[in-house]
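Pasting the structures here.
Next come two complexes, and both contain chain A; in the first it sits with chain B, in the second with chain C.
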Partner chain A sequence: MGRYLSTLRIFWIASLTAELEYQANFLIELVATAGNLVGSIFVLSLFYGRGQSLGGWSWEGAMVVLGVYTLLEGVTSTLLQPNLSTIVAHVRTGSLDFVLLKPIDSQFWLSARTVSPWGLPGIAMGAGLIGYAAWKAGATPAPLTLLAAALMLVASLLILYSLWFVLAASSIWFVKIWNATEVLRSVLVAGRFPVSAFPAGLRAFFTFIVPVAFLTTVPAEAILGRASGPWLLAGGAVAIASVVLSRWFWQFALRFYTSASS
Partner chain B sequence: MRVALRQRLGHGRRIAAVLLSSQYAYMLEYRAEIVLWALSGVLPFIMLGLWSAVDAGDGLGMSSLQLARYFLAAFVVRQFTIVWVMYTFEEDNLSGRLSPYLLQPLPLVWRYVAAHLSEQATRLPFVAMLVGLFFLLYPAAFWWPSFSSLLLTVLATLAAFALRFLMQFTLTMVCFWSEKASALERLLYLPYLYLSGLVAPLALYPEAVRNVAFWTPFPYMIDVPARILAGEPVAVGQSFAVMAAWAALLLPINLLLWRRGLRHYSAMGA
Partner chain C sequence: MPGSRLTPAPSGKALDRVWLAPKPVRMAIVRAQGLGKTYRVADKQPGLAGTLRHFVNRRERTIEAVRDVSFSIEPGEFVGFLGANGAGKTTTLKMLTGLIHPTSGTVEVAGCLPHRRQAAFLGQITLVMGQKQQLIWDLPPLDSLRVNAAVYGIPPAESRRRIAELAEMLELGDELRRPVRKLSLGQRMKAELLAALLHRPAVLFLDEPTLGLDVNAQARVRSFLADYNRRFGATVLLTSHYMADITALCPRVLLIHEGRLFYDGGLETLTQRLAPCREVRLELHEPMGADAFASYGEVEAIEGREVRLLIPRERLTEQVGRLLADLAVVDLSVSDPPIEDIIGRLFHQGALA
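Our next item is the complex of A and B:
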């Protein structure tokens, strides 16, 4: 464990130093994230402005959902995207060989090798929006609520990670799979809105097939202090199952890896 | 004089045919990838889900059928106006492929235009399949646009594609000065996303926002062609005039930046 932590520190310091060479990017990301947030709030106001609500959620509640979404987007561009996007190249060029030979878990290396600071504005703005909207909605920071909220946020991060990892790992078979993560990203946009706002068919799709509901709606419910026991249990179960699945899937995929053909 | 012109025209047509057919063959190789790109344009359907659930309380000024047709049309229009020249150009520039291209006796931009058009042709059957699937799931929404509105949609979509291409290609010129210029596209994408009508028909926007939006080029890239296709009333002449005005504004900037950029250009890794 200690070895993993110290390697992580070295990895991240090195990648931060490299990324900070492009400082103008920080400004662009800041403006892009803020602009995206303003745009999303504008879209929400299109619904609420005419006195309608989204699936029975209050304006503040919908803001919490948007905050969780923004936070997840931030984590995606900080950790998931920069790391998992390289798996394709490793498979194509055969440099995955070197990763597999390293005396460290290959899934860990591929998932945590770099960190990009450009998602930090998203994380900060998401957390800020969550706090502000939850306060406005009248949520109380009772210890039990905080615990449930923290657990559900961790669960949602684990689910998100597993979805990305499984798709990225499929590149062992299909080298051109990278666009599949774009499809995933475009479907996850649904997480900007409470899942109950969708018609029944889509709601089932976003709960059971692509678990968008567990990514943003369930954590938001927990933050607002109105999570019900079954949903909390389901969130935890889906998270554990998806991590186990991603682990198993990687071991399974590696059996089919035969290095680059040459 | 006349003969020289005819020769040049014939020459141009031959080049266009070769470019298009070779790019089409190249794109067909990546058809699975292009299907995935097409699938990643599901946003209009997600928004349709939201709006149709809200519609129960009505007062929208648009029936659920109108909404379904609008968002389907928006999906189709989006599929044929996607522009990615900035990413390709950036890669060509960084990998040094730009130099041999520049030596060819053909303005570089046509290579990219041909690539985009061929990619759209590759998408076509898949988009048709998705539209068929949509009507299978939602047969009530089926409609058959009149021939004239179909023709007008094609024209408007082509104009929208040309305008968006010109816009992104103008921004692409920053690649001559910076290595990570494609980050700028994220900023250009923001007003496009929220003002083009991908998230909601502009008719549902508050009037003040709508009035401002129609001065920008963005609503003409999705909302206007989609409404023509869906059979809604559109001020056609005015829309084409605004698009032409924006193109007339962007083209000289583009040409100027291209000329300056080329003078500044030196191959990467040289």
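Our next item is the complex of A and C:
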């Protein structure tokens, strides 16, 4: 465990030094994230402008969902995208061989190798929006609410990670998988709105097939102090199942890996 | 084994064993037994029609990349691994390093089964591939080295000491602080070697480590490898397309041909086996026809007064004596065809006599 922590420290120091050479990126990313957020809030305001509501959610509640979504987007740009997009390149160039020859868990290496600071504005804005909207909605920061919220956020991150990882790992068979992760990204855009805003069929799809509901709606409920026991349990169970699935899937994929070229 | 002969033997059979065991008892560090690997590949005709036909009716073909390969290598040996492109060298190396599972047979490296990829095994081996790199492109090699030190659990002080030692052996200095993309191919290869050797592996698998390097850089990598092998007693299995690498470094070679182990032994013996004749060049006083030489050896070429003959090694002195006695010879020289030519021709023809 100690070796993993020290390795993680070295990984991240190395990637941060590399990334910080491009300072202009930070400004661009900041403007892009802020623009995105303003756009999303505008779209949301169109729904609420005429006194309507989205799936029974208040304006503030919907803003919490949007905040969770923005936070997840930030984490995606910070950790998931920079790491998991390289699996494809590793497979194509055959440098996955080097990863597999290191005496360290290969899934850990591939998932935590780099960190990109450019998603941090998204994380900060998401957290800010969650805090502001929850306060406006009258949520109280009771210890139990905070605990439930933290657990559901962690569960949502684990589910998101597993989805990404499984998709990226399938590049072992289909080297040109990169477009598929773009599809995943577009499906996850649905997480900007509470899941109850969708028609019943889509709602089922977003709960059981691609668990978008557990990514944003369930954490938002927890933050607003409305989470019910069964949903919390389900969130935890889905998270654990996803991580176990991703680990199993990786071992399965590796058995097929015979590495590119010679 | 000085003591063993004095041991009283209870039976004649055991006595035999005591007396007949002159071989030094050393554990092989690499052992392959009946190793085989078959691949299934898509059998697809070129062109659109072939693609469509393949799409409708997928046909697969089994390719035996490696067949029944057995050998063992003792600690500290420097072994060359020869073979044409596609002969099965890389596939064998990948089975030895645990990157792919053998279809048949067993492998044991450093006392472990490679395909399990246990930490104890991975910490003892390294793989260097000339056409693949592990260094991070945009960062100086030192950053990649720090990553490797952490992954292999080498304490910072120890890793600094090792980096300094290896950098000195490799004649690397400031290059370690420059981004990898700004290094020349030779510098990059040396940095790759440093990264691959930081954890002091006992077994080195080197796949074309001098690929694409200029002659000077090749020579430097070569002398480093010899030096490393001597200094740390590491076992090395090296593949290379440059025969100079093999002749300079490897007292023993494994020759693999069409997936089978064709030869295992000294380089000298291989030359003799593949080239049983020596080449005799004659300069004559006046031109002569080809039939005049038929009784001396095989005529390779005749150009005016210059004649090249191939004469079997065991009859060389006798035939040269006769040549000198019978013909008006101005000049005569005997040479071995260069090993590069022999093996090059072998791979080029793709067939073994």
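Methods note: the second predicted complex is superposed on the first by the 262 of 262 C-alpha atoms of A that agree within 3 Å, B and C clash if a C-alpha of one lies under 4 Å from a C-alpha of the other, contacts with A are read in each partner's own complex, and residues count from 1 in each chain.
One rule holds in what follows: contacts are C-beta pairs under 8 Å (C-beta built on N, C-alpha and C of every residue); 3 or more make two chains touch, one makes a residue touch a chain.
Source: prediction; values computed, not measured.
Engineer: Given the touch rule stated above, what does A:V189 touch, chain B (first), chain C (second), both, or neither?
Structural biologist: first
Engineer: Under the stated touch criterion, which partner chain does A:Q23 make contact with: chain B (first), chain C (second), both, or neither?
Structural biologist: Once the two structures are laid over each other on A, A:Q23 reaches no partner at all.
Engineer: Check whether A:G49 is in contact with chain B, with chain C, with both or with neither, and answer first, second, both or neither.
Structural biologist: It touches chain B, and chain C stays clear.
Engineer: With both complexes overlaid on chain A, does A:A197 touch chain B (first), chain C (second), both or neither?
Structural biologist: A:A197 contacts chain B only, not chain C.
Engineer: Looking at chain A, does chain C or chain B touch more of its residues?
Structural biologist: Partner touching more chain A residues in the overlay: B.
Engineer: Which stretch or stretches of chain A touch chain B in the complex?
Structural biologist: Going by the criterion above, the answer is residues 22, 24-25, 28-29, 31-32, 35-36, 39, 42-43, 46-47, 49-50, 52, 54-55, 174, 176, 179-180, 182-183, 185-187, 189-190, 193, 197-199, 202.
Engineer: Contact residues on chain C for chain A in the complex?
Structural biologist: My answer: residues 39, 86, 90-91, 94, 97-101, 117, 119, 122-123, 125-127, 129, 131-134, 136, 138-139, 143-144, 146-153.
Engineer: For chain B, which residues are in contact with chain A within the complex?
Structural biologist: Those residues of chain B that touch chain A are 30, 32-33, 36-37, 39-43, 46, 49-50, 52-54, 57, 59-60, 178-180, 183-184, 186-187, 190, 193-194, 199-200, 204-206, 209.
Engineer: For the complex, give me every residue of chain A touching chain C.
Structural biologist: Interface residues on chain A, with respect to chain C: 3, 6-7, 9-11, 14, 17-18, 93-95, 97-98, 100-104, 109, 255, 257-259, 261-262.
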